[in-house]
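Next come two complexes, and both contain chain A; in the first it sits with chain B, in the second with chain C.
Moving on, here comes the complex of A and B:
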């Protein structure tokens, strides 16, 4: 009964209830503004926790967290600018949907599936946290390496048009990801002695440039062409037919999202990308080809990144280890209030755990309500004339890039990536693989070297690919994915059918 | 890009003009230093949100505000193990309006070739807030029951024990160098991204041993996950009375102690003395608040609250130990001699 009582606290306490609501509401808008990240918003709230009681502060921060991750998809769908790295995949099919006048369907569908995903993550957190954290710990460096390589195979899924161009872009991304101080050897790469380059390139800035700035420049090119008038259908709830149709898909990617979210070295952005890929591989007859406005293409990444939140909270609450950048800030908040985030947290302050679970459930409920109600507000963005909309977005992205690290260099990167992205668009290179390379390059680099250093010699290192269940599964998945692209596999499949 | 630079040039010029204007006015005011502070003070935190340095700085700032009677605007400028933030503060006018809230890292920038900045030559310490202690940990159930087991095994089987570190110049890296220099140990060092990933790696059986801040390690010890073999200090800590101090078995470490990660506040070295004094006094008083002491205790930080000569001596000792240890272990890019850093035993 204690647990139920604690769980219900956020629902019954007026202050907590309103704070979660306010946090979710604010989070949706903050997340929707390109450049204002959830991490930044939660970090701004952190000082509040010094003077506030702990529970109200955590309730607010959790609301912002769930709302913010969800909000990022709004901008991705409406203006083709992902609000955060975890929304990159969403824009691939979300924006085409908007161009076809189906923005409302995309927005409402993603709301429903973000809600389901978020809730799924919280349920796993509440029921299976210790189990999931055990799996997360067993995830070794070699497994991160394998996961990242699997991620790299997404180039094929993410490049619209020429795969060769996609591989080129991903390669460029990996090289750009190498810039800066190497966290293993401490040496510097491509910094030319500049302290500013030592930080490397923040992939959030790259996304703002490649998607945001580049989109603005591209739109300028066609500013005087007469755009098609978009008719907007009126609806609050998406067609239930679609919700039921995609429920199995969303549950599959939810499982994936929770697990990836729980890994301390991988978060929502990788979960969303893998989810998109999963949808592309498993949805046999999409309403339209992926990349041109497939419903599954917006549902999967949003379902994946929402369930990753619950996942990220698991190592935080069971081990005191942050699952992503936002949960790292939660750790700071717990410390300030005299709690020691660590393996004993749940034992010593179990009430905290259940209040956080309760607040998270509540945040998801608000997310559903607000998400559906304010679609009508967001959707007006599409009807704003470009001459007004573009300058506003330009200013916001510049501010966002600067505010990330209070560093002017990031603004230069933003403008540089904007130009690069523009020319890539003009010449039909898709930019998503470049972002993929930027995200995965450092992960591949570090995990491979750590795994190799920790192994005593090459034979032991090679054994590492198969001698734990997780590594074995990942290796097999990798081999199968590669094999399935060969002609042998095609022939093999045909033979099977003939029998 | 060219246009950008032009644009950058113009802004630079404008801000330069503005700065000179500010300079002029503050020089007039400079006649009467009691006016300090007459505007907001920027506190630059060299590590990210939610970390120990951030928590300490942000809890201290409002208390200092009361003492100084001026607002403190705190921002995190992280990157390059804190060198970006340190450089930023160094580049601002030395008028006491930009303070660096830093950790131990700048003490090693020169020998590791990370940056030219250094606490002792480029900054004036306002206060050293406190320091933490390091503990050598293994997994519970590991064959190494005591520190001697670990040391003996690594001497006999060089490179067999995998030691997780937090990268160049981090706590485990320097401490391993210390063990290597004094006891001839040899570990297979694998760098991770900080304390969290290190604890994960040890829990997941990826590494055999690591060196963590005692407060961070203690949680896992109490939960029965880790075993702490020793604390790197010259006496047992009140918080972990059962864990032996390293000097109990190896008294040769005495000369390097106390040593450990620390947090402090720094101003540009050219800042006028009057301003330094004013700041020093305010920070000293602010740290006496009970509320702040509690925060330190929660974070497992041992309060020091030292300034002036005492702080400089502390910094020198820490820098000498860390830089020579790394150099002797072959892990430093530049020799400490190049920067006139004396050896510990020669002080």
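Moving on, here comes the complex of A and C:
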């Protein structure tokens, strides 16, 4: 009974109710603006916790968190600029949907499935947090390595032109991700003696350049061509029918999203990419091929990254370990108020846990309401003439890149990545594998080396792939994924059908 | 007869891979044969990149002149397939000029501060891209700058260059 009362506090307390609403609303717009990240927004709210009571500050921060992750998909769908790395996969089918005049359907579907995903994550947080955190804490370095390699196998899904070019782009992304100080050995890699490269390359800047600036340059060609204006179609298929159709897919990627979100260091971006890949492998008859505006291609990544939020809150509240950058700020907020996040938090301040769960549910409800209500506002972006839209996006991407670390070096990187992205598009290199490499490269490098160093020689390292249940499952998944990309698998499937 | 243009991507890929490989081999206090060192993984990646460069080069060499229009063929990537025509000289000129405008904006940004630099850039580029009246151009430029300034500076305390 106590639990229910605590859970309902955000719904019944007018101040908390309005703060969650305001946070979610602001978060949606912040997330939609390239360069303004959820982490930045939540970090800016941290000082509030000094002067505010704990619960109002947390309610506002949670609203911004859920709204911000969702908001990033708006820009990915409408203008092909992912608001955050976790929205990269959404742009692969979201933008083609906009180009086909189906932006309204894409925005509506992603809103509904983000709500379902977010709610699923919170339900798992409320009911199975200790179990999920037990699994997450058992993940060793070799498991992280296997997980990242599994993610890297998405290249096959993401590079729909030439696979060789896709692998090359992913390799280039990995190398770019390794630029700077070697966190294990202490030396420098690929810095060419430049001090400015010592801190490495921020992958958000790379995304702004490869997607934003490159898209601006690429769109110039279509500027004066007739018939290039996007006409908005009405939603032909009732969204409710699609919601029921894609619910099983959504639930599968939600489970994946929560588990990946719960892993420290593996957040919404990996969850979204793996969810996209899962959709591509399991949806037998998409409405159109993936990459050309498949509904499942926008639903899966958004459902995955939304459920990852609940997952990221699990290790924070049960173990005191942040699941991602935003939850690390939440730890700061709890510390400021003298609370110790970790196993004792639920025993000593169980009320706080349930108020956070209640605020998260409320944030998702507001996300659904605002998300659906403001579709018609967002959609107007598409109807703005490109002569006006492209220069404004250029200013936002430049200022957004500068805002990441308040320095002009990131802006120069933006310009460089913009040019590289443009030529990649012109010469049929998919941009997505490069971003995939940038995100996963450092994780693969570090986890591989740490796992190797922890093992007593190569034989023990190799045994590590099979000597724990998690490693074994991941190794088998890896082998299966590799096998499924060969012609033998196709022949095997055909034989099974013939029988 | 293969044109250099069609073989260029493969050649460029191999050259970039060789730079990566040479950097990996030349790293201080590391050995590419030691899996725990900082150069082992980059060397493997460099090697894989080199192989993919070689594969691309051979693929382009084998393709017949009739399927030389490889720019968009056989791909359903939205990034690629959104425009089915290739870029001609006129398109490249437009892209280059606009890119120079963006560079100009970035260069003058720290010199004359955000407001005048962004205003100049927006007015010039909207005029450059044609099709918008002067009145709308000025109104949109001013409106956009104020909204961007409010969002980044007032709301997020970002100090503009």
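Basically, the second predicted complex is superposed on the first by the 477 of 499 C-alpha atoms of A that agree within 3 Å, B and C clash if a C-alpha of one lies under 4 Å from a C-alpha of the other, contacts with A are read in each partner's own complex, and residues count from 1 in each chain.
Assume a contact is a pair of C-beta atoms (placed from the backbone, for glycine too) under 8 Å apart; a residue touches a chain by one contact, two chains touch by 3 or more.
Remember, it's a predicted structure, so these values are computed and weren't measured experimentally.
Of the two partner chains placed around the shared chain by superposition, chain C is the only one that A:399 touches, whereas chain B remains out of contact.
Contact with both chain B and chain C is seen for A:453 once the two complexes are overlaid on the shared chain.
When the two complexes are superposed, the chain touching more residues of chain A, out of chain B and chain C, is C. In the superposed pair of complexes, A:223 makes contact with chain C only, with no contact to chain B.
By the touch criterion stated above, A:184 is placed in contact with chain B and with chain C alike. Within the superposed three-chain model, A:278 lies out of touch with both chain B and chain C [touch as defined at top]. Once the two complexes are laid over each other on the shared chain, residue contacts for A:412 go to chain B and to chain C alike. When the shared chain is aligned, chain C comes close enough to touch A:291, but chain B does not. After overlaying the two complexes on the shared chain, residue contacts for A:74 are found with neither chain B nor chain C. By the touch criterion defined above, A:104 lies against neither chain B nor chain C after alignment on the C-alpha atoms of chain A.
Overlap of the chain B and chain C interfaces on chain A: residues 184-185, 406, 408, 412, 415, 419, 453. Of all the residues in chain C, the ones that touch chain A in their complex are 9, 13, 16-17, 20, 23, 27-30, 35-42, 45-46, 48-49, 52-53, 55-56, 59, 70-72, 74-83, 85-87, 91, 94-95, 98-99, 102-103, 105-106, 109-110, 114, 118, 121-122, 125-126, 129-132, 136, 140, 144-145, 148, 151-152, 156-161. The touching residues of chain A, when paired with chain B in their complex, are 39, 43, 46-47, 50, 136-141, 181, 183-186, 195-196, 198-199, 264-265, 315, 319-322, 328-333, 335-336, 338-344, 405-408, 412, 415-416, 419, 446, 450, 453-454, 456.
Taken in their complex, chain B has these residues touching chain A: 1, 4, 8, 48-52, 54-55, 58-59, 62, 74-81, 83-84, 87, 112, 114-115, 160, 162, 167-169, 188-193, 196-197, 199-201, 203-204, 206-207, 215-216, 219-220, 222-223, 225, 294-295, 298-299.
Against chain C, the residues of chain A that register as touching in their complex are 33, 36, 40-41, 44, 92-93, 95-96, 99, 159-162, 164-165, 167-168, 171-172, 174-175, 178, 182, 184-185, 187, 189-190, 213, 216-218, 220-224, 289, 291-293, 385-388, 390-392, 394-396, 398-399, 402-403, 406, 408, 411-412, 415, 418-419, 422, 425-432, 441, 444-445, 448-449, 452-453, 458, 461.
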